[in-house]
Amino acid sequence: MINVGGLELKNPVIAASGTFGFGREFSEYYDLGRLGGISVKGLTLEPRMGNKTPRICETPSGILNSVGLQNPGVHEFVRTEIPFLRQFDTKIIANIAGNSFSDYEQMAEILNDADVDAIELNVSCPNVKDGVVFGQDPQLLEKLTRSVKDRFEKPLFVKLTPNVTSIVDTAKAAEAGGADGVSLINTLLGMAIDIYRRRPVLANNTGGLSGPCVKPVAVRMVHEVYRNVNIPVIGMGGIETGEDAVEFIIAGASCVMVGTANFADPLACIKVIDGIEEYMEKMKIKDVRELVGSLEFN
Amino acid sequence: MKTNYLCRVEELKRLTDTIWLLELDASNIREDIKPGQFFHVKCGEGYLRRPFSVCDFKDGMLRIAFEEKGRGTKALARVKQGEYVDVLGPLGNGFDIGYDRICVVGGGIGVFPLLYLLNKSEGSRKDAVLGFLCKDKVVLENEFENSCDNLVIACDDGSYGVRGFVTTALEKHLEKHDFDIVYTCGPSIMMKKVYEICKKHNIPCQVSLEERMGCGIGACLVCVCEVKKENVLQNKRVCKDGPVMWANEVYYD
Amino acid sequence: MINVGGLELKNPVIAASGTFGFGREFSEYYDLGRLGGISVKGLTLEPRMGNKTPRICETPSGILNSVGLQNPGVHEFVRTEIPFLRQFDTKIIANIAGNSFSDYEQMAEILNDADVDAIELNVSCPNVKDGVVFGQDPQLLEKLTRSVKDRFEKPLFVKLTPNVTSIVDTAKAAEAGGADGVSLINTLLGMAIDIYRRRPVLANNTGGLSGPCVKPVAVRMVHEVYRNVNIPVIGMGGIETGEDAVEFIIAGASCVMVGTANFADPLACIKVIDGIEEYMEKMKIKDVRELVGSLEFN
Amino acid sequence: MKTNYLCRVEELKRLTDTIWLLELDASNIREDIKPGQFFHVKCGEGYLRRPFSVCDFKDGMLRIAFEEKGRGTKALARVKQGEYVDVLGPLGNGFDIGYDRICVVGGGIGVFPLLYLLNKSEGSRKDAVLGFLCKDKVVLENEFENSCDNLVIACDDGSYGVRGFVTTALEKHLEKHDFDIVYTCGPSIMMKKVYEICKKHNIPCQVSLEERMGCGIGACLVCVCEVKKENVLQNKRVCKDGPVMWANEVYYD
């Protein structure tokens, strides 16, 4: 068992939010009980239809997406998705997004009364009132984290955006606000243009970059944050194999999330779990916790 | 449990300058494959899989016809006999079959799933109205000839078959023949026109949609289309709830 | 001819700094006079030996590098490299880096008396005194830009780092400081770990990410900056083909730079030039200037 | 003007479990190819080219021997006869030839450039001392046999040839024979030892270095090594100023 900020995981691999729905489709491919946990599709207070299509675009070694938080709303999640997920012996992490303090606070209260194991705070959305993105402003982020923490008793993770000058600053803000851990990275803001139509490929114009292309940036950020905060770090960004996961763990991640890789291979999470095991056997490492943050600089 | 499959390439045939027919040994696929379903195929180049409809499936041999366009299909057009292709599927909801008199209407590369549909349909009358840009683009004519009772081919430029759009040919065809259902696949603008023609003739119509995909299995929500059911607008996933939909729900007014 | 902030280019393709040396090696592959310009290897006031090796590491669709500004110093550049480059009918852009205002100012004065066509200010280095990176602090950047501009009469471009929360803020700072244009993006800070040695692959531990993997981020930033400043934008980041270059131009770049692609193909710049031509013929566009910033949002 | 070349694959032979010999039709390469020079090769997978020494070049046929290790070499080990490989070169500075009595000392995959060096050398005595981990790793024995006057093979584990490190074998060899130059290529620690042995015997020594490369042509400065010339420490580019260097300049003290 790995303890990540109070959340007990059977292994260090969690399905990343937005790439795994509520697990239903993947449950046709393997027993979801094999996963450390599932971070569900980003939830909002009210149901959302999301953005127009195309919502995806392939890029060199990655993708841009702009789903726009299509989801059935937190109430429907509690009503129909939690009971489904509870059939499996895995942890349920509710990924929540809002445009105001009040959005987040209400969701935290609803989820506090619901059967989830943790909250992951998606702070890549702009605060409608201030216009700034919550995750890009340390002060705002600290306040937001605290007010969610005050309303939710179980572990709270803050998911950091990489679109900042210093991710250490926002990680520290989350820590100061009482977060039990930080998860990173969310997607990098990007754009692709159809040069024959002279318009962005995505209907939403810009989108979030993910997949192997972002891995070097993600590993660097995970390590920076690991060195500078005292709460656990959940690492992600381009993980496809056990080796990739081990890279994040050595950099400082207590556990990892697997996102875009699920698209190319529905069994990706399982392969990552098995790959970590193989590495540990080969290297004669008994406990994955020995690896966490074991990086030494040259 | 579902899984992806590695299928051996039996043959890769060039049908036109840009269209290829890939024949895969799919005897390891135990699931039933319904007309209108698709496979999500790893293409060597490119990070994402590419969706391709089942063009035919018989005796363990899976046929996929595809157009060489971008990165992925360019790589797929280079696979060699004996190599293995990683396919995920069969995916999605296929066509509703079991109707007696059916007519399939296809445009360009939209004709592919209609061949398997004809092969799996057992009604008293099976007609096909297919449209292509020009003579050089006509594909699988013999196969369609063998799989239906009445084949009409239209070419926009009149270089082969009847001159004009496939929708014009369909209008003429429906004046003379009656059907219990029309199935269509092709460019969106064509399918919409087909639906309008069907509406005029009071024939139910199913369409097979295209949308860019991520996972292909219904989890990521990148492939949605808006449909109107009982007056409520909702997002349906082309990969899981489709690709086949009822035309009146897609082209609502 | 394309006028980019006072610099007249015969075509919109410039070799990017640090990937092209001083042109000597590439002159064995084609006539350098075919290029719009050459941004030379980053110069410092004194010669520098650079970092230890390994200085490069391959990543998915890109590379990490940490050359560490190895260069012969600005004096040697003036003495031996300018005369060499002047044999070719192309523009010489001096890319300069420093750790203090004084470094930059002295180089600007030396180059003002030398035969270069423009300066490109590399501001990704930390200011030794303040510890912050020049290019991450708009106020510092504006001041630096002004003090170089005061000492250098020809066009001055400021090369922006993508490792910021808002690249519009730093672009505006460069504009306010008197820059004649901005070039972007420099490399994204990243890291790769050798999981068998549990050490970073690069001797310098972290490095700069470049190549096709960064293109979506670069295109997005070029467009953001284009919309928000009135000086020309020089676009780069992962350009390999004419189509890639056109994507940047439509996004708002007046011209482009080709960097990492020179490694995989020494003729990359020429192929980009030809590829832009082909696109223009196919699309019946007479003048590349018609394309600049012609993007329309969906 | 220099350029890259597309060379047709004539054959790809497996030499050991991990070592391959690639034979390319390089008749389109007009430049002279010197021993010790290398080609920077596109490998299908991977963004950067990979450097490989010339193992042999004769009658327009370029031979490259390589070990299958990571992404790039794995892809290269899958090329098929008749396909084309994009090679850039010949690059770098080769070995100084023209000495009368020469000895080449190679370790593992470091032996490859030494074969071509022997083939292009015309002195009165050409000896080779080659070291491998074990019998299964010994490669190109016949070729070396044919190309030199005296071949000593050492295996660390004694499973073939003389037992022990190649450097021990060299020490013994130098006790009995005198040479005008020693050329060496292999792991850095081995080459350093070879140099020290040569120093003791007062024989000039050239080494062929390895370093991760970007451009391969001298422009990007990622492949540098420190050398000491006339007491001044300076960075030399392995790709352009090397890969061959004078051992005393690399292993200065």
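Labels for the chains are A, B, C and D, by order of writing; each one numbers its residues from 1.
Methods note: a residue touches a chain if its C-beta (ideal position, glycine included) is under 8 Å from a C-beta of that chain, and two chains touch if they have at least 3 such contacts.
Just so it is clear, the structure is predicted and the values come from calculations on it, not from any experiment.
Trainee: Name, by label, each chain that touches both members of the pair chain C and chain D.
Mentor: Touching chain C and chain D alike: no chains returned.
Trainee: Please find the path from chain A to chain D through touching chains that uses the fewest steps, and give that number.
Mentor: Counted as steps through touching chains, the separation is 2.
Trainee: Using mean CA coordinates as chain centres, what's the chain B-chain C distance in Å?
Mentor: 48
Trainee: Mind checking the centre-to-centre distance between chain A and chain B? Centres are C-alpha means, answer in whole Å.
Mentor: 36
Trainee: With chain centres defined as C-alpha means, what is the inter-centre distance between chain A and chain C in Å?
Mentor: Chain centroid spacing, chain A to chain C, equals 33 Å.
Trainee: Where the centres are mean C-alpha positions, what is the separation of chain B from chain D, in Å?
Mentor: Taking the mean C-alpha position of each chain, the two centres sit 56 Å apart.
Trainee: Considering chain B alone, which of its residues make contact with at least two other chains?
Mentor: none
Trainee: Counting only residues that touch at least two other chains, what does the list for chain C look like?
Mentor: Residues 59, 61-62, 211-212 of chain C each touch two or more of the other chains.
Trainee: Edges wherever two chains touch, nodes for the chains themselves; is that graph a line, a ring, a star, complete, or other here?
Mentor: Shape of the chain contacts: a line, open at both ends.
Trainee: Hey, which chains are touching each other here?
Mentor: A-B, A-C, C-D
Trainee: Along chain C, where are the residues that touch chain D in the complex?
Mentor: Per the touch definition, chain C meets chain D at residues 18-21, 24-26, 28-30, 41, 49-50, 53-59, 61-63, 65, 67, 70, 211-212, 260, 262-267.
Trainee: Inside the complex, what are the residues of chain A that reach chain C?
Mentor: Per the stated touch rule, the residues are 52, 59-62, 64, 136, 163-165, 188-193, 195-196, 198-200, 202-206, 209, 211-217, 219-220, 223, 238, 243, 246-247, 250-251, 279, 283, 294-298.
Trainee: Which part of chain D faces chain C closely enough to touch in the complex?
Mentor: 1-4, 42, 46-49, 71, 88, 211-225, 233, 235, 240
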